[in-house]
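Two complexes, one shared chain (chain A), two partners (chain B, chain C).
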Partner chain A sequence: MMAKSYDAIIIGAGHNGLVCAAYLAKAGRKVLVLERRHLVGGAAVTEELHPGFKFSVCSYVVSLMRPQIIRDLELPKYGFDLLPLDCAFLPLPDGRSLARWNDYARTRQEISRFSKKDAEVYPEYGHVMMQMGRFSKPIIDDVPPDPTSMNPFEILKLLRLGKRFRELGEDNGIAALKLFTMSAVDFLNEWFESDVLKAPMSVSGIIGTFLGVRSPGTAYVLLHHYMGEIDGAFRSWGFCRGGNGAVSNAIAAAARHYGAEIRIEAPIARVLVKDGTAEGVVLENGEEIRARLVVSSLDPNRTFLRLVGKEHLDPEFATSIERFKLRGSSGKVNLALDRVPEFTCRPGDGPHLRGDIAICPSVDYLERAYDEAKYGDFSSRPYLNVVIPSLSDPSVAPPGKHVMSIFVQYAPYKLKEGPAAWPQKRDAFGDAVIDTLAEYCPTLKESILYRQVLSPWDLEQQFGLTEGNIFHGELSLEQLLFMRPVAKWARYRTPIRSLWICGSGSHPGGGVMGAPGQIAAREILKAGAV
Partner chain B sequence: MKVDAVVIGAGHNGLTTAALLAKSGRKIVVVEKRDKVGGLCALEEFHPGFKVPGVHLDTSGVRRDVAESLDLARHGLAFVAEEPPVFAPASDGPGLLLHRDPAKADAEIRAHSARDAKRYVEFRAFIGRVRGFIARLLNEPPPDLNGTGAGELWDLARTAIALRRLGADDMLEIARIAPTCVADWLNGWFECELLKAALAGPSLHGTFMGPWSSGTTATSLLQECVASGGVRGGSAALVTALHAAARAAGVDVRLGSAVEHIDVAGGRVKGVTLASRETIECSIVASSCDPKRTLLDLVAATHLAPRFAMAMRNYRMRGTSAKVHLALRRPLEFRARPGQVFEIARTGETLDELERAFDPVKYRKFSSEPILEIRVPSISSPELAPAGQHVASILVNGAPAELEGGWTDARRDELGNAVVNALARYAPGVRESIVAREVLTPLDIEQRYGVTGGHIHHGEHALDQLVMRPAPQCARYATPIEGLYLCGSGSHPGGGVTCAPGALAAKTIIERPARP
Partner chain C sequence: MVLAVRRPKQAKGSLRMPIPTPFHPRTSALCTSYRWKQWAGYYAVCSYEMNHEREYFAFRHAAGLLDVSPLYKYDVGGRDAAAFLSRVMARDVRKLKVGQVGYCCWCNEEGHVLDDGTVTRLDDTRVRVTAAEPALAWLDRNRRGFDVALEDVSERIATLALQGPNSREILKQVCGADVERLKFFRATATKLDGLAAVVTRTGYTGDLGYEVWVARDDALALWDALVAAGKPYGLEPAGLDALDVTRVEAGFILNGVDYFGARDCVIPSQKSTPYEIGLGGTVHLDRDPFVGQEALKREVARGSEWAFVGLEIKWDEMERLYDSFGLPPHLPATAWRTAVPVYANGKQVGQATSGTWSPLLKRNLALASLRTPHAKLGTPLEIEHTIEYQRRTLPATVVEKPFFDPERKRA
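Showing the complex of A and B:
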């Protein structure tokens, strides 16, 4: 059956697909978004898993969402409301704890209980990282520079980058070089002596990657924490009121406002390719929909190897997509609780519970967690990042009750028994997470009303994230910038004419950022592709 | 006493710098703490009649142009065209005898995997294509990122042009693989674990990394791209020739002369003071000691800017290698290949085995199953052992300098036993054959050779400690102290036996602008 024709079909209604759709629609194009599930949002969804309890099932905080997208699409009009996180809380097994606040003076006081020297260096570190963040900002808001191109505009762009690099000054220039090459721990060792800073800070270098904190290249990701901005303030994190699904819903509402059509429960079987050109898509129910352009927000593996198919790809390109590293390394545990959890080291409710709570008492703890995963087991004592959004946003849980969202690493997609062993191991994995947290929070177990455990295998099954990789591909050096997802095809175009990509597998990568979707839309319009 | 320049340390780099400076007409004194030349390449008799040519045995990276410019052939140096093949023993089966030359390796690899034998030809072809670019990078002083002069920009441009000349495909391939881990890189090429482990082994020497650590592909590429043949008689023959060349050029090599400190006034070098309280006046000091020893121990802290001192303290020199020397009654024989002898053998049957040997190092323990790089130099240099007998020199990967609880005699023996056990797995007869053994822990290496952390490469090889080595402020051999230069393995292009840091430092000193 032939349906009516569109300018562009966007595959997947995740936040990047929706951002791309909204910008194309805003520019007057006729856009159709197709989503496999019954709701929009992809990995940024809110679901009522247990009556009255609304969970940000996958992604759970917002930091990197580009401010220009919020402005351009007028997202606050559609319910986008950020509640800033003020605290990073680290409970320790010996009963001590560290809370870092956005207020430096208060944080220094906390740190000085562990190390006077570190307390003094801490603001200086923040200052240097902030400058790095500013230096990198234009890089994440534009197509990546291409060092292999002989095009004078590209060379000019590189020279401009070089000039900006020099303007950083010698000390910051050195720090930038180190950031791009060192391990998170080695980088932090140069600044700090105390594990209570090094462990929770280094961990941001490994989120979503299958690397350890001592693995070179992880320092760069530390920067991601300083690139996030809310209302122009760098280094800010927040919850979205109503959960992360509210981010997606706001973008979807904006897209609809501009005329985009969004169809849910419309899984795609394949992209229609004829003579190297994408002509539309075929749904799983056999329906064919034609369009001048197809834009996929799925990960590169899914887009090219499943929806397009190897038979349409040049073998060299297919090989480079096959070796694009996805290997998921994290899982998620969502809990409904009948009370506010109580930590032995700081009993009672308090502002320290309104930010993110990290279970990573030492660098060696993190490294041991990684060692287990390297050989195909989930960590028996994993790194946990815990948030309780209902404390800041009561709308997501019944009165007096709470939702807890636990990000867990490491959970390797490829268990030594193979990924298919996850359904048998899921409960044991969930138990390891609860046991770990209960060591700091002894009443946790009795307060659990409902628990959901998502292994990387589940993330693949339920959310279509290949190998359960939350970033659509590791954020490791060789998969960034002009090499994301693969060299020569890092600018949203693909070797299939009229097929573009706009997901986290393209520059500048994962996180609830929207940048790939926006830049892809801009490039599509600039190229006059539609 | 007054000279033009003092070179600290008579290792292969110190001697190279000294000889090149003397050839340019300067009056040079080399001061060496030990009573022999050679540093980590010095010949050591560890048991009566049994000698090893130092800690470093791999001479495949020695720069031929340096040997030529010093006319080392006249002083007895000879190169061999090809390195001996590496034997990788396996618990069962015949193991793998790995040649660099794919034609010679073909049958051996084919016995494990026909696909890999084909891929190995392509692998070597890739190395051959990128070799020129990487060798260029290593043969020149590192680029000056903050330089604004036309000369510096020209240097950068030429490196960029060389990179572009590679062709976009190989260039992108280097950019893609350099930051990755050697395990991923080799898994992309091959299926045979034994082959992958044998190729990965050397990329871990002198690093604080396992094969799953990103950046190890870069260290592997560096090694593969400089290797060509070696020196007849090994590193000891190299230092003998360098010593002879230095003396012929008029260098005064003074043994048993430890430096107490480098004299600095007004930010300039004034000379050196020896432990004997003797001072030697000079306006140039080139130190082949490691950067930490040079700048943190030999120079008073008051002469360094705090930020620079911090950069030096942050330079990572966590030794992870130990050495075991065995005096053997009989040739070393592997169970898999009775009756055959191999000059180089390498244990580790899988990449994971290499990784597991590194794991304990992170927690300040040594591995009970260490990975061994075994060399039997007495095969090609029979003079190292009494007739018919042999020496085995084993580089042990997986022994941290900072051991929990510290290194003691008991721990040293424990490590020695672990090494012999690991070797006996493949060469069961070795135990009965041992006449004597010497175990050098990283602490022993530090104490004997004066290298911080017992680090045999004068600093870890890691992406951020290559090229900008040891730190951006002194990556081009000159330090912030006027007249003080670094000329050892702690400078670009790094450790191993290449003589390149020594030669590049000498070039920098010779070309330095006249003082105002």
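Showing the complex of A and C:
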């Protein structure tokens, strides 16, 4: 049966699919978004898992969300509202601790208890990273330049980046080159002497990848996380009021305002392809919907190998998609708490609990956590990134109660027993996480009212993230820029005519930033595809 | 009637300034930043921490607690209280019912605004006036013919503003149902944790919010009760820096910043009429005589020369300007209040008097006085902007005000 026809069907109502839909609808196109789950948002959702407790189930902080999108779509009108994090807190097992604040004087005092030299180098480092964040901003706000092209526009674009690069000055330029090749730890070794800085700072280089902080290439990913900006200030992170689902809901509201239609509980079984051209989609219930254009926000693996099917793909392309590394390596534990958790090293409530709290006391600790994962186990003492958003945004928990979100790495998708062993291991994994945190926070266990444990296998089952990769594909150097998802197809087009991609698996990559969705929409309109 | 003198409390006979408010023992213990300023002779906290950000977000997402005791407060008593105030204010105060609060301004005979504030009808014979500047002598001067008693209660009464989306829930914990029913710009006498208090649903943040008025001696008990009740709801003590951002978002004018009370002006061009500063809505013109009425009638017949508007400064152009200097866009951390010229096609047509980046709305906002022909919504203008010691301009547009006006404010 043929239903009514659309200019574009967007597969998946994650935040990127919604951004793409909103821009296309704003440009007057007739857009339909189809979402598998009962709510929009994908990996940026808020769900009330326990009565009165609202969880940012997957992603939990926002920084990369492009300011241009916030303005273009007038997201604050629809409830997009960021609360900046002021603190990065590192409790240590020996009873000491380090809190880094936005206020440098305060941070210097904290760091100098570990190293006077590092305390002074710290702002220098921040300054260089800020310069480089500026250098790379045009990279994440536009299609990646194509270095193999002879098209004058491409060359111009490269020259423009080159000019920015020169403006970095020699020292910063060298730092930038190093960033592309070194490991996060080696890069940080050039700056700092103390582990209390190197350990938590190097972690940005491995989030969402199956690499260790000493693996080459991880330094660049540090920068990827430095490109975040709030209100023009680089490197700032925030909570969205009402949880990360509020980001997606705001984008969905804007998309609807421009006329986009969004259908939930509409899982797509496959893309209709005829003679190498996408003509629409078929839902799992057999319903066919046609459109002039199909845009997928799913990860490349899911889009091409499941929804399109190898039979429609050139073997070389299919192979490169198969090689695209997903390798989920992280999990999540969400807790409802009956009180404010208390850390032995800094007792009581305080501003140090209102930012992000990292459990990663040393570089060796991180490396050991990686070692276990390499051989197919979850880390018995993993890296944890903990936030308690209800302290800043009381609307997400009943008065006096709190939600705690714990991001965990490493939890390899491929356990040595195979991914299907996760349901049997899930509880043990959750226990390891709680035990780890309880070493710093002894009253934690008795304050837990509810717990949710998400392994990478659960992320795949519940959120459609292949192999549980949080970024739709590792953010490793060979899978970024003009190689994301694969070389020659990094510009949102695909070998299937009228099929485009707009999710985190495309440039500039994962994170709640909306850039893939926005740039894809821009390219689609520019190409006159609809 | 006695003209009360504001007497410092810390040491009898001491003339040391500024003086502490009744909440000082609590606010000073919390003000780890030592960032204070003087407000009407009192110590007032700018921000409790070095940065006001958390306090701002408490106002907008939970609740902020602000000491507003420095406000000048006058109780007007007697049969003629409302009639008297209708004579001296541009608003017809007689129209306010008991338990109602009105926002007012008062003018001199030339129709130039002296000050603005709230007027609350506490009961049949008692009205409370708040003001930014002393007003007792001026009220007294206009008293002839009216049966009223004037009392300066500024020092006798301690006031806290409790503002933000959770303020109602917090107040409910300590004073029960009375506040639940309290409508926007209404007042009620109530018991707050056993203390006799007046609660008004008013404030300067443009959000759901209340102000609580108690006897000076009950100040600390009030503070403790609200802080204890507010903790589970994310209450934070907040200072004037956070307030300043919220009041610009709410589009409220400030005496001494966005306009000047006529008595403080040296030359006529510094003075403003209510219509020129956006307070036209508070003027009840066609009624029995009030101070300034004739002049204001003439102005209405002639049309006002100035208008008070909201401006939005365009981000993209700002980012481009900064980029041309090789800099990332820079936003001042606090609201600003140093006036800058505003131009239309290169010709100055007014000035922006205060502004802020709104972290909530993600908009770069300003309040401005403009010559009327340039004040229409959507008018493209330029605003002066200094970058690297160079004076430039940035495009700005006249936009609707208040910038922030949530439903919950009135709901």
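By our rule, the second predicted complex is superposed on the first by the 530 of 530 C-alpha atoms of A that agree within 3 Å, B and C clash if a C-alpha of one lies under 4 Å from a C-alpha of the other, contacts with A are read in each partner's own complex, and residues count from 1 in each chain.
One rule holds in what follows: a contact is a pair of C-beta atoms (placed from the backbone, for glycine too) under 8 Å apart; a residue touches a chain by one contact, two chains touch by 3 or more.
Given the structure is predicted, the values throughout are model-derived calculations rather than measurements.
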Contacts of A:190 with chain B and chain C, given as first, second, both or neither: first
Which superposed partner A:374 touches (first chain B, second chain C, both, neither): first
Chain B versus chain C as contact partner of A:394, first or second or both or neither: second
First (chain B), second (chain C), both or neither touched by A:67: second
Which of chain B and chain C A:244 touches, first, second, both or neither: neither
First, second, both or neither for A:364, with chain B first and chain C second: first
Touching both chain B and chain C, residues of chain A: none
Touching residues (chain side chain A, partner chain B) in the complex: 147-148, 166, 170-171, 173-174, 177-178, 181-182, 186, 189-190, 211-212, 214-218, 323, 325, 364, 367-368, 371, 374-375, 476-478, 483, 487-488
Chain A residues touching chain C - in the complex, by the definition given at the top: 67, 70-71, 75-76, 80-84, 86, 102-103, 105-106, 130, 134, 167, 231-234, 241, 351, 354, 391-395, 399-400
Chain A-facing residues of chain C, complex: 49-51, 53-54, 57, 60-62, 165-166, 169, 231-234, 315, 319, 326, 328-331, 357, 359-363
Residues on chain B engaged by chain A in the complex (per definition of touch): 145-146, 164, 168, 171-172, 175-181, 184, 188, 208-209, 212-215, 307, 310-311, 314, 316, 352, 355, 359, 362-363, 462-464, 468, 471-472
